[in-house]
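Chain IDs A, B, C and D follow the sequence of writing; residue 1 opens each chain.
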Amino acid sequence: MASAGLSNRGRLLVTCPDRPGLIATLSELLFRHGANIVNLDQYAENPGQGMFFMRLEFDLPPDADGLAVVEPELSEVAQRFQMQWRLTPASQRKRLAVFVSREDHCLKELLWQCQTGEIPADIAVVISNHPVAEATARQFEVPFFYVPVTPQNKEEAEARQLQIVEESKADVVVLARYMQILSPKMLAPWQNRIINIHHSFLPAFVGANPYRQAFERGVKLIGATAHYVTADLDQGPIIEQDVHRVDHRYHVEDLRRLGRHLERMVLARAVRWHAEDRILVHQNRTVVFP
Amino acid sequence: MASAGLSNRGRLLVTCPDRPGLIATLSELLFRHGANIVNLDQYAENPGQGMFFMRLEFDLPPDADGLAVVEPELSEVAQRFQMQWRLTPASQRKRLAVFVSREDHCLKELLWQCQTGEIPADIAVVISNHPVAEATARQFEVPFFYVPVTPQNKEEAEARQLQIVEESKADVVVLARYMQILSPKMLAPWQNRIINIHHSFLPAFVGANPYRQAFERGVKLIGATAHYVTADLDQGPIIEQDVHRVDHRYHVEDLRRLGRHLERMVLARAVRWHAEDRILVHQNRTVVFP
Amino acid sequence: MASAGLSNRGRLLVTCPDRPGLIATLSELLFRHGANIVNLDQYAENPGQGMFFMRLEFDLPPDADGLAVVEPELSEVAQRFQMQWRLTPASQRKRLAVFVSREDHCLKELLWQCQTGEIPADIAVVISNHPVAEATARQFEVPFFYVPVTPQNKEEAEARQLQIVEESKADVVVLARYMQILSPKMLAPWQNRIINIHHSFLPAFVGANPYRQAFERGVKLIGATAHYVTADLDQGPIIEQDVHRVDHRYHVEDLRRLGRHLERMVLARAVRWHAEDRILVHQNRTVVFP
Amino acid sequence: MASAGLSNRGRLLVTCPDRPGLIATLSELLFRHGANIVNLDQYAENPGQGMFFMRLEFDLPPDADGLAVVEPELSEVAQRFQMQWRLTPASQRKRLAVFVSREDHCLKELLWQCQTGEIPADIAVVISNHPVAEATARQFEVPFFYVPVTPQNKEEAEARQLQIVEESKADVVVLARYMQILSPKMLAPWQNRIINIHHSFLPAFVGANPYRQAFERGVKLIGATAHYVTADLDQGPIIEQDVHRVDHRYHVEDLRRLGRHLERMVLARAVRWHAEDRILVHQNRTVVFP
């Protein structure tokens, strides 16, 4: 997990049908360019027959001229093996656009962890349908936009939000307890790049007020789930989940209080993994490389 | 948690509307009989207004003539405070009738923990719709009955099962991965005395094949749930739940294997708590005293 | 766990030799004053022979004239049963003096949770041997005092710290990653009122640099421990501990990063329990009522 | 984690100084023999400078003539890169010699999990310094040897044990709560092949009676640790650890009871990982590939 100098480090993510020679071909390609493989994680869901997933971190020699040197050959190999691939420089930090409503505990955790470097990303902008989070954002010197959303203005509001996100040059959207549903039109260009925190152990307690639902069902553990947002509410690919033990003494309010801790931890982990290019999505399931 | 000599120890379980004087009246009553309170756990869901739940363990003096000495007065107090109550001697071990189908890991865990005393109960009989568990039961010298169940003979089979249970003098039924649904007629006389283990984190993945469902939803934790059986499938009051972390590498078979450990631990805990009279049920939720 | 109006709520903590009649006597006393018992938690380490510990929360009637009305009788009962006891009004929030050095994650968590009410206490003052935490304290409008400590000035520095603590009217001291050892003289008047967070699973890795020790020993879980401070370094009564799974990929820096989360959660829980009068200390062990 | 047909599957474990070309060379070598890489896990402790660890599972073509076909080339590559390496056929199940004293819960768990296939290994023999475990071993049709150990006969007893282990053709020794210390002479030929379960969270509570030590220290979590045995008591490389939450109500006996569950789970996981060739040892720390 040591990071060290990242200036010449690349991260390659690959999805393709599994077949012999994949690792040999890619590692040989990198070796020819003098690269040292720092991390290689792969997963074959059904060796020789199903899909193959890989995350490869490598260091090019100090005198190499950036990741561009390996791209033409990678592109050629990718075509040969029907690969979907993505190559990113480890030095290029992700930029987050954080959406929030009234409760700001998740926002605060993200601001904090980005500041201390635990999440290697920058918060480019905070957008809210309530003015309450403004002070928090300002305190961390992050631009804040108040975009009220009503049933009447929903379409313009989303257009305004999208514009703000684009102008902020964000490449990930984080719904940090944002209590509005995004329209399919808004989701489309951001597939697998919008992360939401749901305040229950999905798929238990989808929809509204999950802590009340949990209380009424009398569960002995409450949970939180971070997932990519899709057009199906609370059905997107799960990135991370965690739970906390409760008992009969916990009223709905106690579950909410306890749940806030879970939510911020689970969301922060999911955002960190996304920022470190550790996540691949396949058929509504995630592969999260350690 | 120390047990020591239990010969003159009583356990009193109480449910009633909360009001001042409850604890004073009961503890004074016991003190008058020379009893020492060993454990007192109570819970008022909404002090002064909602329900009050209590579990009280007490030792009568060595020369006392059994729990019967306090019953008449208890009965009078109970009427005054509209109490539902239950008084049991700690020395009287519960007798379990264990139902099982093909998979016997939960049965084995129960046999084992009853043998070592971790669960202070005796297994009176094992009943199965498959002959496979017979050897295991015999090995622990527990009577085994093979009662095949088909769509055609279901009614007679249940009658036969009930008869066996009654003849075994069991006071709890444990469905230890018994894959048949009991009819409401069979459930009625056993309310809050039939414990089932469901192989998921309820209410996620109700119904058949929860590990496949969990795999397809791509959850990052799998769970198991022990609950009292009611006429609504998988909807009864939850006694205990636990989870285990998984990741993308876990196929359905791996989830099943890991789940077996969860199932036996969660079921064993629930059965132990029931055997120790720690559980009260109110409005489909359990109060489990520590 | 519901709180509601606390204006006439009292918390009674009792330690004494166990014997019959304790609960009857105390609950009868309270009932005579019209009190309703809201929570009663007790623990007898060896029923009838060892020590007895109790925490009792009760609501006096709205028209009662404060907790003072029960004190004379309590005092008399206490003498009869050789009780150590403490009666506090639930409405009286504890005041914390937080000591911190360079790392401010624990301080931030406390400021945050006191602000949101998760910890029902107020931070009266922040004292540090480094100036770095000043901005954070100011941001939450908490007085900050920079008291440099060197081998040469240690005695005066402690005198100055004590003076600040007293002037702040604090009743608890929290060492939130304060990297100086307090002298026995400073500890004496604050017995069981100074809470420290140690960054390991005590008693493993006492002393300096526990994350490096943990790395070198190759443990698979790292931990954090909140405890009351005594003259024996890292040997005081443990209040709370928790752990997090790690593996071979975690370097010392990764353990530190992960540990920071553990530390703030574990310390915040311990401080909350202390603020809610849930903790009794007996022979270097804590009884923490749920 | 899917296993499928293992007949032509090999597992290669490698430890060597990290340098560019390692993965390319090995994967190319395997590809030349038509192998498909099923799992590749690697870890570079300090990329480009420190040590490199790898576990590689691969399937040779169905018509290949066993793993022997790749050995000569592997041997040559190993020399070039200063590799320590080990190549084992996945189809060759490990054989365990289990040592046990009076408490047989760990033995039972191993017998059970080997029987159900959860641990892909066979128990070749059970050796005990007490006769109590004989019935359990017989029941699973495993040879049992009673070898009493006294201060006087220790040397002959160990010689006898070694002889039994050798005759059983075991390749791993598991100390499943075996309460005798093995002499360095006995350990020498079995380096990193003797697994012990210690009933505490090491390095806390080394030595005798760890549950009493834990009780006296008042810890809030108890643990168990599986480790390879070295000449330094309780100091060998840790394979796996886990903990369980306890509180003030747990007496020493309760800790023991709870601990038994931890011990069997932690030991079973460690033995499974060893049986699957997932563990490398380096400088008293383990790399456990997932």
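Following the convention adopted for this analysis, a residue touches a chain if its C-beta (ideal position, glycine included) is under 8 Å from a C-beta of that chain, and two chains touch if they have at least 3 such contacts.
Here the structure is a predicted model, which is why all the values come from computation and not from measurement.
Asks: Quick one: compare the interface residues of chain B with those of chain C and tell me same or different, with half as the dividing line.
Replies: Same, since most residue numbers here occur in both copies.
Asks: When A-D is set beside A-C, which has more C-beta pairs in contact?
Replies: Counting C-beta pairs in contact, A-D comes out ahead.
Asks: Counting in whole Å, what is the centre-to-centre distance of chain A and chain C, each centre being its mean C-alpha position?
Replies: Between these chains, centre-to-centre, one finds 37 Å.
Asks: Which chain A residues sit where two or more other chains touch them?
Replies: Those would be 2, 249, 290.
Asks: Please name which positions on chain C make contact with chain D in the complex.
Replies: Per the stated touch rule, the residues are 43, 201-205, 216-221, 223, 237-243, 247-249, 284-288.
Asks: Taking the complex as given, what residues does chain A use to touch chain C?
Replies: Against chain C, chain A makes touches at 1-2, 105, 108, 112, 116, 118, 139, 249-251, 253-254, 257, 260-261, 265, 290.
Asks: Touching residues of chain C toward chain B in the complex: what are they?
Replies: Residues 2, 4, 18-24, 27-28, 30-31, 34-42, 44, 46-48, 59, 290.
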